[in-house]
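Next come two complexes, and both contain subunit A; in the first it sits with subunit B, in the second with subunit C.
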Partner chain A sequence: MGINFRNVSFRYNKKASKPTLDNITLDIFKKSEFITILGHTGSGKSTLVQHMNALLLPDEGEVEIFGKHITKKYKDKLKDTRKKVGLVFQFPEYQLFEETVLKDIMFGPKNFGLSDQEAKSKAIEACKQVGLGEELWTRSPFTLSGGQMRRVAIAGILASEPDVLILDEPTVGLDPVGKKELLNLLEDIRINTGKTIVIISHDMNVVAKHATRVIVLNDGKVVYNGPKLPLFSDLERLRSFNLDLPDSARIAIELKEKGLIDFDELPLALEELRKHLKLNLQGAGYE
Partner chain B sequence: MNKIAFGQYYHTDSFIHRLDPRTKIISLILMMVFIFVIPKNQFVVLGFSVALLLAVVFLTKVPLIRYLKSLKQIMFLLIFSFFFQALFNNSGDLLLTINQNISIANIALGVVLIVLYLFFRKYLPLKFLWLILLVISIIYIFQYPIIGQSLKSYQLKVYRDGVVTGFFIIVRIMLLIVFSSILTLTTKPTDLNNALEWLMRPLEWVKIPTSVLAMMISISLRFIPTLFLETERILKAQASRGVDFKEGKVKAKITQIISLLIPMFIISFKRAFDLADAMEARGYIPGAKRTKLALLKFGLSDYFVLIFALGIVIGLIVLRVNHAL
Partner chain C sequence: MSIEFKNVTFGYTKEIEVLKDFNLKIEDGQMVSIIGHNGSGKSTLAKLIVGLVEACSGEVCIDGVNLTPENIDEFRLKMGIIFQNPDNQFVGVTVKDDIAFGLENHNVPREEMIKKIAHYAKLVNMEDYLEANPENLSGGQKQRVAIAGVLAMETEIIIFDEATSMLDPKGTKEIIETIKNLKRNENKTIIMITHNLEEVVFSDRVIVLNEGKIVLDGTPKEVLRKREILEESGLAVIDSIQLISEIESSNLPNKQALVEALWELTFAM
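Moving on to the complex of A and B:
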């Protein structure tokens, strides 16, 4: 069970010769994955994730979402699907509209058919998950800071308890601390609840630190789908995708060229680089 | 992303496209005057204006279908006013008398036809043609009392003046619409706005800030597609939160609308404040004298078109005043 794309093509302008999504076959399972989708602007990332909860229907091919076969002609209700696959848009703080934070978070669960009481307890749970203190619950969402508003929006999706949580560039516009907190929060949700997290990101450091799987889109095609290490190890291919190395990998490669450290496996995260540095510098007599 | 075409502007290069937008607006106003000064029964003058219109339409190099589309929207109004005139104007020679007998069976059959029409309307191409057919067939049915005694009978009388007046009204409205379409099809919204600003200049003497008004219009035009995209985004975001915009219950509908309206208000205000800051940062002062990037300039062909339009209007008025027509 999960989300399976089978030869999916999609175009916004039905007359355009070049499709936005071009014959995509892809599987996303519900097994505690942290998937990052990479690709430069206009490669079709946002379009791809909007297919995952059937906001867009494929022109060709089929998307199977938790047993539902979504094709061009699908007409049935989609509430179920949207409950199972939660999608957080870019700048989600703009979707807030209720009088209080808690009411806004309750909006989703209530739409999915929960009673006020149940929705409230789910909302409180979601608030605790994203770290919104009790003093904020009765405030108007419009009086909060940008980072807090984004947490409210994410809690609004979490409260519906989706099996797969998709976020479109969740860290854009946040300060470094807010960014780090948000990513750690997502990591915690994945580990504690076993949900699969899918995020679109431009930040290679995020990919290097959190991703268990990387999907690279280029011109509407999936050009890479697999673990992160092989992707970053093949520099030439990385360049051809218009992607960059994470900071720690770049530093490590430069240090290796200068003969200061040596490694077999490219250190992607800061911690790994630190380990290598310690090992090599101690060997050279540094403290 | 998917491109939203705003306005009707059809991009091509033609004599009409190259005219100054002010020329086009002034000529349009003159042509409107001309159309309404045409006296009744003057088929020659009416024919002249139709010929003139067709000539200009041909000159614009815009596909004919675009003009027909603009006419399609007022088809109902045209047919309605023609029938109204033809049936209720009773002067001149009597052309046609239709006996109408109302009986229960006739009413029932008429109602069935109307219901059928309303039901199949969605699937029919050329809706207005079917509507005419419906009206004609109902009139036809009522001529004969099929079963039973007729409860009441009356006569529909069609007089010559009614038909002529109806015909004149239809042609006049069509002329008006197509002449206006020529303006909007061949002029970019920004050019139109610049021209309107120039034409409104005299209003500055009575302290109406025309340049500010023109700026407001151009900003609104600029932001329609942007706000449209934002709306689409919020719709999708709320759909992800389980809002089903197809749901029919009144209470659900209200929540749906609120969940869309409030975010849109906030986004619009935010954009407005950001834009105001950006404009001030680049030295915009409301009401201050500004220079223009694109200067409007009358050319030889503009003077020619204006003199021609003014000429035919004055000519027609002079002829009317002298009772020559």
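Moving on to the complex of A and C:
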């Protein structure tokens, strides 16, 4: 069970010669994945994720979302589908609207048919999950900091208990600490609840640290779908996708070129690079 | 043009003071990065300099003159600011119109205006897009047009208020290249407000703000390695600089070569 794309194509302008999504076949499973979707601006990333909870319907092909077959002609209700797949847009704090933090978070579960009482308890649970302290629950969301507002928006989606949580560039505009906290929060949610997390990101350091799978889009096509190490190890292909290396990998390659360290497997994160540096240098020292 | 804060206190409400007895002098022609977490007071500094908000007490002096409601209009002609969101600052229907907007407001003669537009569009590498519709531009391109618009006013002070925070890596690189180019070729006082440490390595001076106070002030090389204070201030250390500190305190045999290579890498980013 999960989200399965079969030969999906989509055009915003039905007369355009080039589709935004071009014959995409792809599976997102329910089981505890951390997927990052990469691709330069305009490659189709946001369009792709909007197909994952049927905000957009494919022009060609089919998206199966937890057993429901979504095609161009789909007319049935989508409430269940939207509940299973939570989508957090870019700058979600712009979409807050209620008088208090708790009311804003309750909006989703109430919309999916829960009573006030039930929605409130789900909202409280979600607040605890994202680390919004009780003192904030009755505050107006508009008096909070940017990082806190973003947590409120994410809690609003979590309160509906989706199986798959999708976030479109969740860390953009946050400071380094806010960024780190948010990513650790997503990692905790994945590990503790087994939900699959899908994020669109431009930050290769995030990919290096968190991703269990990477999907790369280029001109509306899936050009890579797999683990991160092979993606970053093939420099020529990486460049053809217009993607950068994570910082640690770039440092490692430069140091290797200067003959200062050596490695077979490209280190992607700082911890790995550190190991290589020390091992290698200690080895040299003992000679 | 120099900028000086003398014992400035400021708060958006009476209860919460963002800045208290704040002192800072930025010399003429310096390029200064001001960094800090969301809510550290860094954008408030920019707003005080351009007179979008007024100090509750103390003085904000430009070129030695205290800003007042009476003289702020005159000083605003000498300052330009580029904001975060590329979509919120595009006013023209074409790139050319957008760059022209400020010039038209100042009644610059048409011939001179055309010359200036061409010159500054070239400076930000947008000369091939003069007739382009902003809808068809990337975020980085829109920001470069905004920069050209500000440059065309030929102000002596330019402030970048998180100008890259909404851009993708490619757009960020384009803006950084543009700013580096400015620094090399124009004698302006440039202030960069950011929380991206990789953007500050080419400044003359880096100031770290936390809770409205200056906690670090020095060259990029001096400031970027103070791990503890940076982390306390909600910022992070760049990987390469983190490694430099670790290697320096180790007893590895070729540590000097490694440290040199890592510094070189840091400044080439």
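Here is the rule we use: the second predicted complex is superposed on the first by the 283 of 287 C-alpha atoms of A that agree within 3 Å, B and C clash if a C-alpha of one lies under 4 Å from a C-alpha of the other, contacts with A are read in each partner's own complex, and residues count from 1 in each chain.
In this text, a contact is a pair of C-beta atoms (placed from the backbone, for glycine too) under 8 Å apart; a residue touches a chain by one contact, two chains touch by 3 or more.
From a predicted model like this one, the values you see are computed outputs, not experimental measurements.
Of the two partner chains placed by superposition, only subunit C is touched by A:146; subunit B is not.
By the touch criterion defined above, A:248 reaches subunit C but does not reach subunit B. Applying the stated contact rule after C-alpha superposition, one finds that A:180 touches subunit C and leaves subunit B untouched.
If you count the residues of subunit A touched by subunit B and by subunit C, you find the higher number for C. In the superposed model, A:77 makes contact with subunit B only, not with subunit C. Contact with subunit C, but none with subunit B, is seen for A:260 once the two complexes are overlaid on the shared chain. Shared contact residues of subunit A with subunit B and subunit C: none. The touching residues of subunit A, when paired with subunit B in their complex, are 12-13, 50, 53, 55, 77-79, 82-83, 86-89, 92, 94-97, 107-108, 110-112, 142, 156-157, 160. Interface residues of subunit C facing subunit A in the complex, by the touch rule stated above, are 36-39, 84, 138-139, 162, 165-166, 168-171, 195, 197, 231, 234-236, 238-240, 242-243, 246-247, 250, 252-255, 257-258, 261-262, 265. Residues of subunit A touching subunit C in their complex: 40-42, 145-147, 172-178, 180, 202-203, 242, 244, 247-248, 250-251, 254-255, 258, 260, 270, 273-274, 277-278, 281-282, 284-285.
By the touch criterion stated above, subunit B contacts subunit A in their complex at residues 1-3, 230, 233-234, 236-244, 258-259, 261-263, 266-267.
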